[in-house]
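Chain naming follows the written order as A, B, C, D, E and F, and within any one chain the residues start at number 1.
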């Protein structure tokens, strides 16, 4: 299948040009125009590039690409990565915020549905656009924790709020900066990927519950869901490359 | 002692207005003008405010304050914190980047000296200013790890580089974004506070060694050193409030 | 009544987030959530805060608040004012441009109607939005002056244009910078609040008539009208605090 | 004398390109290159242009010119003024902030010296540069008021501070926005040109004394002093055009 | 006819305020309000001003005016040109990008129609707006070259692509910077006005065909077509001033 | 020789980081670290890349590189060029403004010296830095034209000024935008590389003489002079690749 067709489908399905983002979304590196298989991974890295090649993909779709805020020089790490991609004619396509925010297959909507909650309200302002989702449950904190551990293995949490949880918001990846917005919006539990030092006292002083799944874990749902859509709609072979970072 | 004198001393000693920073550095909240005791802590929070009051300080000096990128509204968490400070006439003074970057008592210079390395080169570009330090050792990675664990307890690391370490760079707090600069500058080991997902593949593909002490741990040295200087030079009573976040 | 309900009503009625403004519009300082009485004043000041408290209001709504272009430090005058508000749990809500520009209860529309003129055209570009109003009369300059003096007491004027006045534009407060726009739009009389030196030669060289009511006078109509609306719609007690500056 | 020589002298003497300003400082409109007489006025206007012509000047130097923030179109008032200048080959030279801030012949230094105070400290931040001056007196407020009224006629004032005045700051023209800086710097009396509504409560709540001379009055000293210097140094005929606005 | 009516007609017909441009579009210099004849030219210059006067026009409409990116000073060349216009009360109206981009009488649409191709797709991104046009032919490169030479005289070309041409894009004036966009959009032939050094290797490496008509030649079609519309709709006398630059 | 040493020498000799430029100056693409021969060319292109390889260079130094204003995507032409460079481990180093402006081996200083004129004054403001040079001759325009034609072959010119030429300014490449600055600085002849339509009337109305050597021609002197310096100082083999564009 022609790379242009795949690029066109993904650009439109993900509304790739509709978001302000530090990531260059869409086709970052152009490879072979004849694509029979697409690999999907959370992160662009020498490892995911090598795996993509090994599984005979001509294109790799990732959540975290290699071009952020534009580039000035093709040197060092970028040079090595680009050389590998170009020598092997492996295309690299990135979908960062568009894959977090997507109402159907976005990381945030997916995680909410995992715990049986319908994504009802947009949540999580990023440069003027809401990239997360919130919904309404009738659960104990412990129940939700259990469901998430069933799926993602051991997860981290800070329990500074009530046992009983009604409104739940999700911002995958690095979403610990949304505690104050969560408080303001009446959220009882914020689910995110990665925790950070600066979140501790904010959560405590806001009496907010937080569950953090790991950055990697929180962003596999969107990548996998996109893979399934792409496989179905485009009729190309697809494969998910699982390269966890434990972070 | 008059608050103005203390403010003047700290502003000058730390060159507080000489850095571009998202933190408002210097006096963030004005309290009582009569200061007999200054408390020092890494983070501004209801807990450090309360402890400061309990130990009868009229002023609290922190690395992480409560005003970042300016504020528009005194609502929510900020309102609660400000109300507490103002009702108790407790002054809040913040030194963020100036306390990382200081050549004598900065977090980065201090950590390098802990491991017996003289801070020789500036390192770690932040908005045009180098905020970290680098120096030269002749050590095994394991030796340095041991010294740091002796002092800070269990620390994390990623060992993707050589066993033998010559050039070491330190950027306290969230410094995992400096891996590529470290690679370019010939650094063998980057010491920082907090690790993050995005650092994993970068470190791996750059074959970089990283030791992370924890964000909190990595920023106590500067705060404590500043406390000692202030106590000596100003002749006021001082006290360090230890409120670790385990992050 | 819950502060959140009042805030929500005012935000929507005034379209508070629909304007680019140097003022933080909306809730500037959060006080008690239980509001039984709202005081209204043109200016935030220690005097209006004290009066608000004396008349037992839990909330003060003003045209000129205390946060402009954001704030970096809670020191000096801002510290004193905030301390007073927070200690007394008095909320402060500001509506600057939204209260000038409102088609129903805005200062400019109200002043036009005082002189029997229907606000027909938007006028007065402020950062891309028209904040004033213009309309059509068939009057002598002297007649209009008389009507305005009847209502506002002695007012100032510069009469460089014709005796007979057809098109009239109003920009309350400091609107003397709109003389050239007035000329271009065929306005015969510009009504504003405060005059300024730089307007003198512009008005003279443009042969423009100007009447200036005083900054304070020109901005009471909107505040009072908003008070009446709020009293009616919310069913809370309201009171206007008259603290003229003679400017 | 060649216009280029005069332009060069003024540019250098006033350090005309050393200030960030909304005014285009220096030669705004180029007229005849043969200059025998220079007229000086506070404001550019049809009146000062006409007077300049009547007194047979080929060049007019003003504090307030006709180009602010650049211009896009030569229409309306600007067209009329430019047409007059170009048809009569009358050059227009403007010195705005450079004439306020000048240490010798600046408005602010001059006014301080009128009341017998040496300009010691820079004061009044404008886009990063201090444009005013402060100095130290040992006077009663009333005495200073008297001296200023002797020279400038009736002047306005707000007396919210002490009777006894030590530190005095001057910012000519529209300087009422410097009250909080004055408070912070320990100023007892702020002298400016034009008062404005927004200054009233700020002055009151800061307990600051203000004397306002009128915008026009406060900016004649610099213009006249520059005239004398230019007359002396360049040996051309000079004349001051007095066109007060009573503002 | 009143200048305001003509200005209003042109502003609306050309959607003059709908484009981001370095040119001030619309009325640049205001002259006599009584217009009986309008001259049209590609460039504003002393020559086109003189010709306009000689043919007794009160208004000159051009593609390239005299105000770009605003102006700060009325000196040198600008002074001379403005003086001439103002002394002779000759109005100057400029339409730059709006005249390239217009779907009916724009330079780009007109040139496409000359070679028998209907302008179907917008092409040529300029600050976020497409200013050119593309359409579809079934021709030999040589045929198109011939048609263009018949109309414009000798034209330049670079033939790095195929003999057979299907998709053709036109960006008049300086459009040689659009080669890569042309390649990406599947264009076989790019027609523009002026060639430049930097286009040579880009065209060669993109295997793109380029025909360049001359900057002047490529921008007469829009000016003449606008003249005809203005003559018809406004009923004023019009005349085209042909002042080629051979560039 | 190690690429890092060469990069370091060129960066320092050319003060490569001392200029604001749309070009990324310095190493744009990193290739083999072992450099025995450096090729030099005016333009980066598939042709200069191929020639560099054919002459067995490991590094190519150019005036016009392939990265301008940063890049977001590695697609299309950039992908092809990068792929070629990376696959062949050919380094690309660009020096744009630094090579125009250099006092010793810069294009502008070199061209002035060709015609026997010492570069005395900096000339030609580009984003706040003067990038060209001016000097003083005592010549007829025709004499200078002859000297330049002797060296560069047929060159273009516009002779709107005097026959006798005293002050001469040079801005290589696209320097026709400096006519008004030339006029203001008393320049009698402006020498540049490429002419453009917009220069015609400006030159004519400014009565300025212009000689244009061709963009390519005007920028070979600096490239060749840099080559000689690099060969001498670094002791590596060097070769100039002559690929004229006739533009």
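Heads up, the rule we're going with is that a contact is a pair of C-beta atoms (placed from the backbone, for glycine too) under 8 Å apart; a residue touches a chain by one contact, two chains touch by 3 or more.
The structure displayed is predicted, hence computed values, not measured ones.
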What shortest step count links chain A and chain D in the network of chain contacts? 3
Which chains contact both chain A and chain E? F
Between chain D and chain E, two touching copies, which fits better, same or different residues at the interface, with half of the numbers shared as the threshold? same
Relative to chain F, chain with the most remote C-alpha centre: C
Please report how many Å separate the Cα centroid of chain E from that of chain F, as a whole number. 31
Between chain D and chain F, what is the gap in Å from one C-alpha centre to the other? 47
State, to the nearest whole Å, the distance from the C-alpha centre of chain C to the C-alpha centre of chain F. 59
Could you tell me which residues belong to chain C and also touch two or more other chains? 75-76
Name the graph shape formed by the protein chains and their touching pairs; answer line, ring, star, complete or other. ring
What order results when the ring of chains is traversed from chain A, passing next through chain B? A, B, C, D, E, F
With touch defined as at the start, can you tell me which chain C residues reach chain B in the complex? 24, 26-30, 67, 70-76, 79, 82-83, 85-87
Partner chain E, residues of chain F touching it in the complex: 43-47, 64, 76-77, 80-81, 173-174, 180, 183-184, 193-202, 204-206, 214-216, 245, 247
